[in-house]
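Listed after this line are the structures, all set down as C-alpha cells.
Shared between the two complexes below is chain A, which pairs with chain B and chain C, respectively.
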Partner chain A sequence: MSGDSIAPGERSLPDEDEDEGEESLLEVEDLRTVFYTDKEEIHAVDGIDFSIRKGETLGIVGESGSGKSVTARSIMGLIKSPGRIVGGSIRYRGEDLVGKSETELEGYRGGDIAMIFQDPMTSLNPVYTVGNQIKEALDLHQDLTGEEATDEAARLLESVNIPDARRRLSEYPHEFSGGMRQRALIAMALACDPDLLICDEPTTALDVTTQAQILELLQEIQRERDLAMLFITHDIGVIAEVADRVAVMYAGEIIERAAVKPLFADPKHPYTQGLLESIPGRNPEANQLHTIDGDVPTATEPASSCRFAPRCPAAFDECQKVHPATVSVDDDHTVSCLLYPEADSKTDRLAQHRDTDEVIDE
Partner chain B sequence: MSQHVQDYDETTANETEPLVSVQNLKTYYETGGMLSSDPVKAVDGVSFDIQRGETLGLVGESGCGKTTLGRTLVRLETPTDGEISFDGTDIATLSGDDLKAWRENAQIVFQDPDSSMNDRLTIGKIIREPLDVYEWKTPRERRTRVRELLDTVGLQPEHYYRYPHQFSGGQRQRIGIARALALNPDFIVLDEPTSALDVSVQAKILNLLEELQDEFGLTYLLIAHDLSVVRHACDRIAVMYLGNIMEIGDTEQLFNDPANPYTHTLLSSIPAPDPTIEQNRIPLRGSPPSPRDPPSGCPFSTRCPMKVRPDEWDDLSEELWMQLDVLQDILRERAKRAGGLSNRIQRAIGLEDPTADFDEVRRTVFDDVSVPESVAQQLDETQTQLAEEGEDAALDYLREQFGSDCDSVFPEEHVVDDTDRTSRCHRHRDANAEPAELDRIPSPE
Partner chain C sequence: MSRLGYLLRRLLLAIPVVVFGTSLTFLIIRMGPIDPAAAIVGSPDTPSAQQQYERTREQLGLTKPLWEQYVDFMTDLLTFNLGQSWVLSPGTNTYDLILTYAPRTLWLGFWSILIAILFGIPLGFYAGLNPNTRIDYFVSFGGIVWRAMPNFWLAIILLALFAQSQQYFFGFDWSNFVVQSPVTGAYEFSDITTRDGFIREFKRVLPAALVLGSASMGNEMRIGRTAVLETINSNYVETAKAKGLSAKKIVWKHVFRNALIPLVPVITSEAFLLIGGAVLVEVVFGINGLGYLFFQAVINGDLPLVASLMYVFIIVLVGVNILQDLLYTIIDPRVGLEEGGA
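So, the complex of A and B:
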C-alpha cells in the first residue's frame, strides 16, 4: 500500500456491541446455504456471521471448497437451485435480503452491491464491444443513453487507468489483455455507483505485476468513494495487503475472525496457524514446508463437532463430539475452537462450548 | 534443494559438465496470417546451463515464453534455431527413433492435473503408459513398478484401479509425478506443478518433489509464476521477459539484490504475507508488447522504469517522461490494431483517419503536465508523421527523438556478482548508474 492509505488495522474499530447495527453496512447472521443433490446435502455455508462497515475491507480467506464463493453469491442473491439459503439473515442497511423476490433483489444488485468475478474473460460477453456492455449497465442503473452514456463510459474506463479510453470502447473483450479486462469489469461495477463491492478472487487469474496494478486500483477507488469491500481470496499475501479485518473460512464455517495485524501476528486457531506456516515465503530458511495432513472435508450435514479435528495437531477426544462455539479472545478477535478461552480449565471450556453456540464473553 | 551430485547416477562420467546446456535457443510459432507473416517469437535466443541435481527456476509473466521454453527442452516443441545439449548430445535436431529413445531421459509434469490425464483410464494404466510405450520389461514387472511408484508419490497400491475423477487436485498431481518418474528420467520439467492447488496442498507437493530429487538424483526445471514457490524450491533462477532471459543466477542473491530492472519490478509486485510490511512497489506501466513484434533494442524498454534517457532532454520532468511513455503506449496499441484487415480497408478507403482524434488524445495525455516548447514541437512533428505514414512512423520518430540505446541496442549480458549471476541491461555498463542506485526507483527493503 502506498501514499496516504490508512494502514490496515489502525483505524479505530468499534467494539462488537449492540449499536453495531448502526455502523454496519452489511450484516450477515447465521447464514446457511445448502445444496441439495440426489446423493447428499452439501452445507456449503453453515452458520456464518460477519459484518462490514462503510469504507472498510473485510477479507474472507480459505481453501477451495471452504464456502467463500457461495457466501458471496448468497449475498448477491445468486444462489440457484439445487442450492437454497435455508437460514439466517443478510441485512443491508438494516433491510433483510434473504427471502426478497428477484425483482426486489435487482434493485440492490449493481446499484447498492456490485460484484466482480475471478475470470474476467467469462464475465464479459465476447460478441459485444466493451463499450456496449458498460453502456448497458449505465442504461439499466442510471438511465443514461446515447452520447451521454458514451461519455460516461469513456470517463469510467479512464478512471480505471485505461489509456485511449474512447477508442477502446469500440473494441471487443478479446482485444483487451487480462488485466485490462478486469479493469473494464471494475469500471462496469462502478457504473452503478455501489456502496459495497464484492470481489471474488479478482486477481487469481492474473500475473503478479498485473495483480499489483489491480490491487492498487481497487484501493484507490475505495479511498475515493468510501466503498466497503468484501474481498474473497485464497491468497494470504493478497489478504495481508488489502484487508482491514479478516475472516478465515473452513468447510463452511468461519473459524477465526480478527483485524488483519493481530491475525497474522498471533493466529489462534490451529488451522489458521497451519495455513500461515504452509506459505513458502514466510519462512524462507525452513527446509521443509509445513503441511496440514488430510484434505478439506465436504460438509454433508450440520456440524456436530469441530470439522477441522481430523486434521488438527492439537485435537483431543472431545473435539470429535462437541461443536465449538465462537469465543472472543481479544478485542474484535474471535475463534471457534475448544482450546479457548485459554484461561479456563478444560472441563470449564467444554461446558461452555456445550452450553452455547453463542459468543462467549470472557 | 541443495546441489546434490548423486553418486549412483549412471552418468557420473562428467560430473562437472552441465546436464542441459542451451545455446541461443529460439522457438517461433509460424502462424502467418493472411496479412502479417511475423512469427510469434515465444523464445527468442536464450542461453543457459542446468547443472546435474540442481533446480533451476524459470519465472516470468504469462506469455513470456516460459512454458514454450520448458516444452522445447523436452522436445514437445521443435526449436527454430539454436542448440540444446543434453548430457553431451545435441537434441535440438533429433527426430524419429533417436528422439523416442532420448525421451526416456526427460519428462514433464503439467500444470493442470485435470486436463493432463485421460479420464477414461485407470490410474494404473495412466502411470503404466510410458512403460508400455517403451516396452519396459514384462507386463507383470510393469504392474509391480506402478505399485512401487504409487507408493513413492504417497498414494496407496489399491488406487491402481481407480479413475482420475476419484482423486483431489493434489492427488492427481501426485499421479502426474508418478507418471513422469516411471522411466527413471534424469531431468524433469515441472510446468507450474502447484499453481492449481491450495497452499496447504501445494506445500505437500513441493515437499514431495524435494524428497524425490534427493532420492533419485533428479534435475528439475521448475516453471512458476509464484515467486515464493520458486524462492523456496530453487537453487538458481532465470527471469524471463518476452522470450528473453533478463537475469539468471543464485536464488538468494537474486531475491536480495535484484540487478535487472525487470526483476526489481517483478519482485516488488509480490504481496507479502505480512500486513506490517509496507511495500515499495514499482508499478509496471503500459501493456505488454506483442511477441510478434518485440521492441527493437531491449525487450523491456517499452515499460522499463529505469530506462536510460538521452542527455539532451535532461531537464524534462519525471511526469512529462511518464506521459510521453503513455503516448507511445497508445500509439503502439493502435498500431497493433491498425494491422487488422478491416482496419486496413477502412483506412485505405479513407473511412478512418489515424489523426482524427490525435488532438484530443494529446490533450488528455498531457493535460496535467507542463510541456516545454521544444517538446511541443516534437509532438507536432509526430502528428505530421502520423498523418503521413501512420502509427509506426510516428513511433519511430518519437523513438529517434526521445530514445536511447535502450530502444535500439539489444543489451549484453553483464556479470553482476561473484556468483556469476548475469543480467541484461544497459545500466550495467560503466557509463550509466547501476539500476539499484537510481533514485527513480525506491530501493529494495
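So, the complex of A and C:
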C-alpha cells in the first residue's frame, strides 16, 4: 500500500481501457438487481461493473449474501420473481441482454453462455439418464441426434475424466457420486458449446480432493477451448488458483478489482486485506486464525455510506456518511474505499468521493 | 434384478398378505354376531324350528371343529372354490353373482378414476404453473370445496339436479340429451359397443362417477399443484433452463414427469376408496353393483358371499399395491428393483 504505486493522469476509465485491449466478451455496467418483498426491498446487486475478455477467467469472491450468485443469475436471465433487474446493462458481444424477452434469452443460454451450479447432487433431473440430459443439449446446440449424439456425449464424458463413459451414459444421476455428477454437469455445459462459462461455486459441495480435481479439469477445459470464464466462489484460495483477474464483492458492490497477482501481493481494501489474512497458512507465525467480525449486512436501500464500515478496522467517522467511489490505484487495480487515493489529504479524498460516484482518476 | 424378477418377487410376497387378510375375514365373520343358520331358517323358537336349525347347522358344516372349518374355508378360497350363496340367492354360485354385479361397479369405478384424473391432474398442474393467479385461487379453493363435500350429500344433490335438469338448467333436458337415458338404475351393457348404447351408459354413469371421484379429484388437484410448484423451483429445472431449453420443453419433459411421482399413490389409493365408497353411491343411484351386493350379503348373513367378496377385495387391493410399485419403478428410476430398494 505504498504511495508510489499511484501514477496520476496515466489511467483513463477502465471501460475505455479494456476496449483498447482484447475485445470484451461480456461487459456488465452498473447492474442493479433488486428483490421486492412485502417488508422491504433487497438490493442484492447494487451497481456493479466488470468485463470478461475472451479466454480469460474473472473470479468473483465474497461472503455468503454478498450478491455473487444473483450476479450470475442476472447474466443468465434466471432471476425469479420477486427479483428484478432494475438498472444497468449486460452486454454480450455488444448486445444488451437486459430487457430481452424470455424467448430471446433462450437463444443466448447454453450456446453462448452456459452455467455450472453449486449443488451437483440436485442439478441433474433424477428421472432421466445422464446421457439423455447431455444429448438434449447436443440436439439443441449442435444439431446432433441419434448415434452421432451418443458418440459425442460419450466423448464429452471421457473429456471430463469419467471412465467407462459409454456405459455411464445410460445410468441415472443417483448412480453417480457427487464429483461425478459435477463432471457430468460440466460435460453437459460443454455440450452446449458455449463461449462463456459461468461457474457458481462449482466446488463448494465437494470434498477437498474432488475439489482440486474439478478445478484442474475446468482449467484444462478452458485452455483447450479458449473459454471465457466467470468463476464465483467464497473461497479466496480457489480464486488464486483459477482466476486471471479478481473482483471482490461485498453487500452487492464490487469493492476491489485487480489482476490476481497484485491483489494477493498488495490488497488495498481493508475487507480484501481481512479476507487474505483469514486464509489458513498465510500467517504461519500467528497462533490464531484471523477473522472478520460480524456478517454481511443486507442492503435494503441504496448505499449512502460504506457498507463495510461497521466491520472495518480502519473506519473513521465519515465512512458512515459518504459512499465511496471507485478509485484507480494502479494499473488495472481499482478500489472503493475512502482511504484512497492515498496521495491526497483526507479532506481532498472525502471531497472527491462526495462529488462523484464515478471512477476517480489519479 | 430385472423388472420381471421384481414382479415375481412382489407376487410371492403378496401371498402371505392374502392369507393373513383372508384369515382375518374368517375370524371376523365366524366370531361375529351373525348366525348363518338363523339367517336361513329364522330364529329357533319352536322345537320343530330348533330341529330344522340344527339340521341346517350340520348341512352348513358349522358343527365341525373350528380349526377344520378354518382349513376348509381357506382351501376353498385359495383354490378359488367360492361356493354358493346361502341366503340372498340360495343355490346360486357366488361366481355367477359376482360376474353379474361386478361389471356395473367396474364401469362406475373406471369412469370415477378416469374423470378424476382427466380433470384433477391438468387443473392442478395448470394452477401450479401459474401460481397465485386468479385461476390458481379458483382451482385451489374449488379443489378444497369439492374434496370436502360428503359423498352421500353430493350424490343426492347431483341426483336431484340431473333428474330435474329442466327445472334447474333453463329447460335443458339431461334425460333426453342426445339419447334417452334414465338417471338411476343398474347399467345395461348388452348394446355397449354401439354408439347410442355407449352414450346412454356414459350419461348414466356420469353423475355417480362425479360423486365417487370427487374426493380423489380434489386431492389430485391439490397434490398436482404442489408437485408442479416444487419441481419448477428445483435445481435441475434451473439447469435445464441454463442449457437454453424452451419453457415448453422444460415443462413437458422435466417438470411433468417428476410431478407425477407423488400422484401415483394418490391415484392408486382411489381404488381402495372406490370399494368402500361405492356402497353409498350405488345405493343412492340404484346401481346394483358389488358394493350393493356386499352390503346386502352382510346384513343378511350370507357368509359364503361375504367371504368371497372379501377375498376378491383383498386380491384387488394387493394387486393395486403391486401395480403401484411397478408404476413407481417405471416413472422414478431411483426406486430400485433390488432387494434393498424394494
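Note that the second predicted complex is superposed on the first by the 342 of 362 C-alpha atoms of A that agree within 3 Å, B and C clash if a C-alpha of one lies under 4 Å from a C-alpha of the other, contacts with A are read in each partner's own complex, and residues count from 1 in each chain.
What we mean here is this: contacts are C-beta pairs under 8 Å (C-beta built on N, C-alpha and C of every residue); 3 or more make two chains touch, one makes a residue touch a chain.
Note that this is a predicted model, so its numbers are computed, not measured.
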| item | value |
| --- | --- |
| Which of chain B and chain C A:Pro126 touches, first, second, both or neither | second |
| Contacts of A:Asp235 with chain B and chain C, given as first, second, both or neither | first |
| Chain B versus chain C as contact partner of A:Pro163, first or second or both or neither | first |
| Which of chain B and chain C A:Met188 touches, first, second, both or neither | second |
| More chain A residues in contact [chain B versus chain C] | B |
| Partner chain(s) touched by A:Glu102 [first = chain B, second = chain C, both, neither] | second |
| Partner chain(s) touched by A:Arg93 [first = chain B, second = chain C, both, neither] | neither |
| Touched partner set for A:Lys54, first chain B, second chain C, both or neither | neither |
| Which of chain B and chain C A:Arg225 touches, first, second, both or neither | neither |
| Shared contact residues on chain A - chain B and chain C | none |
| Residue ranges of chain B touching chain A (in the complex, touch as defined) | 61-62, 168-170, 198-204, 206-207, 210, 225-229, 231-233, 265-266, 268-279, 281, 283-284, 287-288, 326, 329-330, 333-334, 337, 357, 360-361, 364-365 |
| Interface residues, chain C side, partner chain A - complex | 234-247, 253-254, 257-258, 261, 331-334 |
| Residue numbers on chain A that touch chain B, as the complex places them | 1-2, 7-9, 63-64, 158, 163-164, 166-167, 171, 175, 177-178, 180, 207-213, 215-216, 234-238, 240-241, 243, 260-261, 264-265, 274-276, 278-282, 284, 288-292, 295-296 |
| Chain A residues touching chain C - in the complex, by the definition given at the top | 76, 78, 102-103, 106-111, 114-115, 117, 119, 122-129, 136-137, 140-141, 172, 174, 185, 188-189, 192 |
